[in-house]
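What follows is chain A paired twice: with chain B in the first complex and chain C in the second.
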Partner chain A sequence: MTARPHVAEAAVSGVGVTLPPAGLAPGAAWFDHRSQLGPRGYKYLPEACQYLLAAARAAVAGSDGLLERCPEERRGAVVGTNSAVAELHSVIDRTTRTEGADFVSPMTAPFFSVNLVGARLSTEHLLKGFNLTVTSPRVAGVEALHLAAHEVAGGRADAVLAGATEAPDPYAADALPETGAALLVLRPRASAAPGTTLLRSCLLFLPPRALTTAAGRERAQRTVVSALDAVTAGLAGADGTDVRLVTDGSPVARVVSDAVRGRRGPDVPPGADVPRAGSLEAVALLADGVSSGRGRARLVVTAAREGNVAIAMTTTEPLPGPPRQTG
Partner chain B sequence: MDVFITGLGAISCLGDGPEAFWKGLHAGRSGPTPVESLTGQVRAPLAYQVPPATDASAHAEDDATRGRVSRFALHAARQAVVDAGLTGEEVAGMAVVIATAIGVCEEREDAFRAGVPDDAVWTPSFSVASAVGDALGSFGANISVSNACAASGYALSVAMDLVRRGEAETVLVGGAEGSAGVPIAAFDRLGAIDPDGCRPFEADRKGTVFGEGAAMLVVQSARAAAGRRTYGRLSGTAWSCDAYHTTAPDPGRRQLVRAAREALRDAGCGPEAIGCVIPHGTGTQPNDLLESETLRDVLGQRCDSTPLFSLKAFIGHTAGAAAAFSAVCGALVLRHGQVPPNIALARQDPACDVWLPQDGPTPLPRPGVLINSYAFGGSNVSLVLDGGLP
Partner chain C sequence: MAQQSLALDLEDLRETIANILDIDTAEVTDDADFVEDLDMDSLLALEILVSLERRYQVKIGEEHMKEVRSLRSTHSLLANKLESA
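Our next item is the complex of A and B:
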């Protein structure tokens, strides 16, 4: 039985990003929670939570009152992250082993639970429909967008805040720690005005062990091509699509990169030299595509050593819908 | 579209496999053991742990390079796949949705304390689902859910949606946790661990105690399940969020009631169809009280004659895996047509006005099971299992 990756589709009604300025020295301060969020009530939140709240405020402010018009129980949130509380886990672990649990800060202790980073969105914006946290390696941000799009299309909510937030992983090893947040406000395509930016996405999995055989690589290649075609179906200006790869140099990434270049042309630029320790970059690229794309479709393809692959596209083209499903 | 449960897997403090799990649920007793690595560092270093002999024998040789949580998950996953009788091609096309609240953070800490090689690659904290998908060679969607103690309730719901949308014919879904030091230390600091064990609905309960292991289910479309022996249907799910407080549940209970009622509606039934409730029931004062009141609202007078099975008294609070264990338990209740006896309570909290049979198995009065799963952050999910056939 063949895996059938399905395309999710939603309209984008707002964008918010909280990212450090380009070229900032590693570890340099760049975010002041007091000026960004307010003088009280935010000090003890994990930094990934602070970034997320700031991004959410921007996204909601740019969504023309959509969220406020929705009943509270028809609003939701889906947040993707890999490393939002990695540093906190390390601190709790170290404190417990060296001094004992009594010396763990009671203000930060609850946030060992990674979903509390996203949960604060619900209390700030009264999102009572649902609040979901997903965490697949490197693709969690697009995974969040994908599930959110399915939820609004399936009628579980009328508006969903979805995206990624990360804080530096102290154990990033060969990867570059990520910091910041990027969020989109999604709504059902059917409820959006013509010309509204559309988001399409698809999640795939290519088992790394399967890639050691020719048959496995062939199946993986076929899966990626099929999903790429489904996500970009109906795109008139396909040749002008801005394609970005977010990869990590792994065998999975090589299969995906080859498939993308085979389908979209050899000029697709490679991913960054240093892989990212998180799931933020893909969502930040999509958010940037919405904000500055000037009508040009942006296709972002993410691949992780662990096998997770995500394909997402934003466009203002009036695509026919719904997209056909791959088979 | 109907979604059927065709395979189960479980490894827990009760032993290895669904049969050991079911047998353990009839033992009438259970208890936590000391987490040796935390002795002297937390006040109540306790957890319902997988026995060392079970832990050692359960792991196939080819899993030796994986961390403990991933090995639990993979072991239970293989059981579920075999139980469902999946073909190789079905496994290759299968989607995987696995929940974990804490992931492999403990293994990362251990590895980095031991020293990081110069050529080390980044190890993501939440890689259990992808480890299972890789080991089984499954090309279907692979999703990792981390909504704390309700995570596998959401995972079951996501799996159900994959089948209902036609995105997958077969989904492996479940949850896995180890006895990680970080959550135990955090709960200890918050005063939320009961040194006398996990004792939901007891009058003098003092908190919860974590448990470890993995619970997995294979769920399939009617077409894929046809001709197989099924445990029943996953027939309804619903989500809600309190949007109230970081750790405390909303005393107004509106979102708890809404989740349960909408799950029943999604299942196309009412409270009269429910023959057993597997509550979230953690042993914390507010959770058990608010859930009892919620069940009385949702079930009405039928609450008096609907048995509750307090699973966490047997296996502790398995956090991200908790709802998956509840679903495995619910599937076995449907299969056997009976609810195991609860561990005897010293004195049931009179404010928790629910029926917890303790004198022996209770015949399942109606083939419907309601499962509640709640989490920090006010995330709530309710699920309905029933005895429907493909």
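Our next item is the complex of A and C:
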């Protein structure tokens, strides 16, 4: 278990989301790549890649020209996903079994590599500094934000597009498939104007086997509380923070949920017991916090049965200096 | 899984090519050059080959890729393949 949490911090200069309308029936069409992206050139992209590009355009458009002002080699991308190409893998597998490998679509085959989804984002926005894709179960989206914030804070980039994209996972079983994308444009805090929304984040790993004993669960809760305190350090209006749990009913999630509600109060709504087959929800909640938070800090805590935990907060409150980098 | 082959119809082929190239059917004139006029690249050329092989149940082979340059030449190639099948 992580004893001393590493907190990353960056300023948020743009937000873009591409999400289906609420209440849409499962499987119903909701996204038209031609009207959202262009008449030609997007047909063969996996749908998660189309969502990502649409979200990126909105995020960049709302970032007041930040990206254009940054040299191309000072721009980066970090994308989190669990199921961006799961459907494509299923199609390739089915085609290979039933018709033969010669009949796999040459236009879509390169996307068997999930990195190609984020690569297309870099191609479209000339993000030549670095491009990273992360796939940790359920936390990949916040992990992408965390890694991006770490890189801009470390001086490796002046602007990074980071977030999550997902397409329905055909192997989701009893989990809830996710679809859509949510992205933030991150920049170094020092380069942002006062009042700019700040993002703070922290990643933890709680080994599930360590939670089988009372002592292990207690230690894990202390670790989570320590990370929560580090992320929210200096937040004057902590009591008014909008706290959201994205959990899955697992032992890891229960420990995290107990720690969060123990620290932030019993009014924190419990997370859903139905796990999500993706990493989008937490990033979408953070993006919504930036877009509609009206100054209220939003704290999102994600926990997955595999042991991955991600904590992130957005706030417009002028926090004291960047948290000490201990990781 | 084997599919039934289709009879070769020029208008059907035009629509198929347009769909693969993601353009309006009207742009696929009989002699429009797929590369020069319709921006076909090598991956799209391979996509056309695979799609036509599946649709018409013939083996075309990459050695014939240079013949997939216009609707007329593609139709001719397919007609020969179907005739010799």
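Methods note: the second predicted complex is superposed on the first by the 319 of 327 C-alpha atoms of A that agree within 3 Å, B and C clash if a C-alpha of one lies under 4 Å from a C-alpha of the other, contacts with A are read in each partner's own complex, and residues count from 1 in each chain.
Here, a contact is a pair of C-beta atoms (placed from the backbone, for glycine too) under 8 Å apart; a residue touches a chain by one contact, two chains touch by 3 or more.
Please read these numbers as outputs of a predicted model, since none were measured by experiment.
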Is A:T123 contacted by the first partner chain B, the second partner chain C, both or neither? first
Which of chain B and chain C A:R40 touches, first, second, both or neither: second
Check the residue A:A192 against both partner chains and state whether it touches chain B (first), chain C (second), both, or neither. neither
Partner chain in contact with A:V134 - chain B first, chain C second, else both or neither: first
First, second, both or neither for A:P106, with chain B first and chain C second: both
Considering only the touch criterion stated at the top, classify A:H6 as touching first (chain B), second (chain C), both, or neither. first
Of chain C and chain B, partner touching more chain A residues: B
On the A-aligned overlay, A:H89 touches which partner chain: chain B = first, chain C = second, or both, or neither? first
Taking the contacts chain A makes with chain B in one complex and with chain C in the other, which residues are shared? 102, 104, 106
Counting only contacts in the complex, chain A reaches chain C at residues 40-41, 43-44, 98-99, 102-107
Which stretch or stretches of chain B touch chain A in the complex? 38, 40-43, 89-90, 92-96, 101-103, 105-106, 108-109, 112, 116, 119-127, 129-131, 133-148, 151, 154, 158, 161, 165-170, 181-186, 188-190, 224, 239-247, 255, 258, 375-379
List the residues on chain C that touch chain A in their complex, please. 1, 22-23, 43-44, 46-47, 50, 53-54
What residues on chain A touch chain B, complex-wise? 1-6, 72-73, 76, 82-83, 86, 89-90, 92-93, 95-97, 100-102, 104, 106, 109-110, 112-116, 118-120, 122-123, 126-138, 140, 143, 147, 150, 154, 156, 169, 171-175, 203-210, 216, 219-220, 223, 275, 277, 304-308, 325
